[in-house]
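Below you'll find a set of structures to go through.
Look at the two complexes coming up: chain A is in both, with chain B in one and chain C in the other.
Let's look at the complex of A and B:
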């Protein structure tokens, strides 16, 4: 079973993603803030990371930098409310595999997750 | 000794008063501490209840949105029957529905609305809209406009006349978010000033409109000047060149602000046909509008147009004289701009200049 790490602080979004992705057959682990995500990354292995950019303690950008430096093979999808072009291009420059803006369509997100995992 | 202490009759008067006050304040303190504790405990219970309800709702909504195997209408009825007991429960659910709507789109949007209607939240908010308190009305308006759910216009229109700015603002937002064909229909019924903040709000909403932008000439005869001013600005923003004749008519408006905005927009739209009327109105205009006309000439007029205004700039209107010199400079070397340099003698210089200007125009 493929494992997905969700890094998101909005409980509603977390539960929806968890529900939807578990239904699709993935194993889902949730980190509600950056430090917890860093700890989980040290202890466990993941096939994909789905992260928000605005997070408490450690920002999404810092997490992405860390992941791309330490675990370059894990694909990262950003899920953010930001629609600013510079933020999106900066994220892609850091090496993220996809960028989804909120509000998001759960079906579309599920397809993008599937496609990103298939590329690996 | 205790018995002796309780023989109050033998106590001096001052001690009796002291004892009485001590007992009174002790009871008062105990009551106050009790009240604080009661409120705290009640708040904790309320908070725990809110969290429990939120969790229940999120689980229910996720099942409703993503699990196709369930009987949706049965689940809705079941959730409503078992979990909604008070108006506080309704308020918690409305907030959660709004959060869902804010974060999800696509196929989920219609299902979220189904939840909204199915749990009776629509009816609850309609009742709120009819309540006396402005904050209940504002909350209902906010929810309806966020979710893009239309309610009968007659319930909203009176709120546009409200003295509470918040209600008026939410009323405007409601129309902008819910109307599919005529999002500015509320302007017909709007009373009182349209504040600058509200104008910005409407303009920003208009930029993201998917429906056709309305023709702003429709409100150029509105009794509220601020609405006319806003519509003039929007004619420029949305390049409604077909409305230029109506803008020229606005130069005859009774309101100084409307005329001012019309002058500025006609200048920005570069309409030389408007210049004749601006020049004709110049002698009777206010100082601010005279200044705008001068600058309009700098953009769409000639030095000759400028020169015709010289007799109508009076010697005490020093600011206008400065503007005149500045604008004259833009037309090149045709007039002696150097006079501007000495502010001490500007009034005397202006009289000389008026004479010079009149003579040179006669000569010409």
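Let's look at the complex of A and C:
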């Protein structure tokens, strides 16, 4: 079963992502803030990471930088709001694979997750 | 809407027009909701009711001003003030629903003073077209109507957004405006998931414009909108509020 790490601090968004991805057969692990995500990345393995950009303690940008440096084979999809264009552009420059706008469209989430995992 | 705060819905993709409104309007007196399409405005009006003034760009795609007016008046009995934003040079535009005055593109301060005078003439309390401040459509689509998931999501909304709004109030009082912006950014998707456009618009404003003491009305309005949703949830889902 493919494992997905969700790094997101809005509990409604987390619950929705978790619900949808579990229903599609993925194993889902959640980190509500950056430090917890860093710890999980040290201890466990993941096939895909979905991360918010504005997080407590360690920002999404710092996490992406860390992932791309330490775990370059794990693809990253950014969870963004539609008003974060500059930040999304910066994230792409750092090597993220895709982005999804919150609140996400269920079919778009499925497609983007499948497509990103298929590239592996 | 807060009685002191007038509300304008501006439907245009003309960034100069939006910038002019933002420059000249006093944010303590007028709140501006900008949409890039007539459909966006229609959805918004369905949720929050009529604004004090609706301004529609004449040739905006895909639904122009005339078609949007037709939809609003014929299907939703819209009765509020409407202006058409146009560069055609005419003073009014005739539609099947009557003639509507034109605000000419490239307008300046005196033109906006005229727009504001329309607001002060328009003192009637607007009737909300949809009394429910939330919708379950998104959550239902996402979960294929899974009632347990919907219930759980509403519980999360009620608890987490309530807590965050209390924090926003406290941080605002302490003038920690950056944290206010961050929290507003964080809870914006929660309002969007319940399709509450007013809550989402206010969060967007707090998250992406300069927050200072002048945003007190917006913070107050956000809390009121949350409480409105909560009241409605209490009626529709009393079990959400049962303590174990």
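For this structure, a couple of remarks:
By definition in this document, the second predicted complex is superposed on the first by the 118 of 120 C-alpha atoms of A that agree within 3 Å, B and C clash if a C-alpha of one lies under 4 Å from a C-alpha of the other, contacts with A are read in each partner's own complex, and residues count from 1 in each chain.
FYI, a contact is a pair of C-beta atoms (placed from the backbone, for glycine too) under 8 Å apart; a residue touches a chain by one contact, two chains touch by 3 or more.
All figures in this text were calculated on a predicted structure; none of them were measured in a lab.
After superposition onto chain A, the modelled positions of chain B and chain C overlap sterically. Look at A:106: by the touch rule set out above, it reaches both chain B and chain C. Of the two partner chains, chain B and chain C are each touched by A:19.
Of the two partner chains, both chain B and chain C are touched by A:10.
After overlaying the two complexes on the shared chain, residue contacts for A:120 are found with neither chain B nor chain C.
Looking at the shared chain after the overlay, A:89 reaches neither chain B nor chain C. Residues common to the contacts of chain A with chain B and with chain C across the two structures: 10-13, 15-16, 19-20, 102-103, 106. Put simply, chain A touches chain C in their complex at residues 9-13, 15-16, 19-20, 54, 81, 83, 102-103, 106.
Chain B meets chain A in the complex at residues 54, 58-59, 62-63, 65-67, 96, 99-108. Note for the complex: chain C touches chain A at residues 138-139, 141-143, 146, 149, 152-153, 156-157, 160, 182, 185-190, 192-193, 204, 207-208. Interface residues of chain A facing chain B in the complex, by the touch rule stated above, are 10-13, 15-16, 19-20, 23, 102-108.
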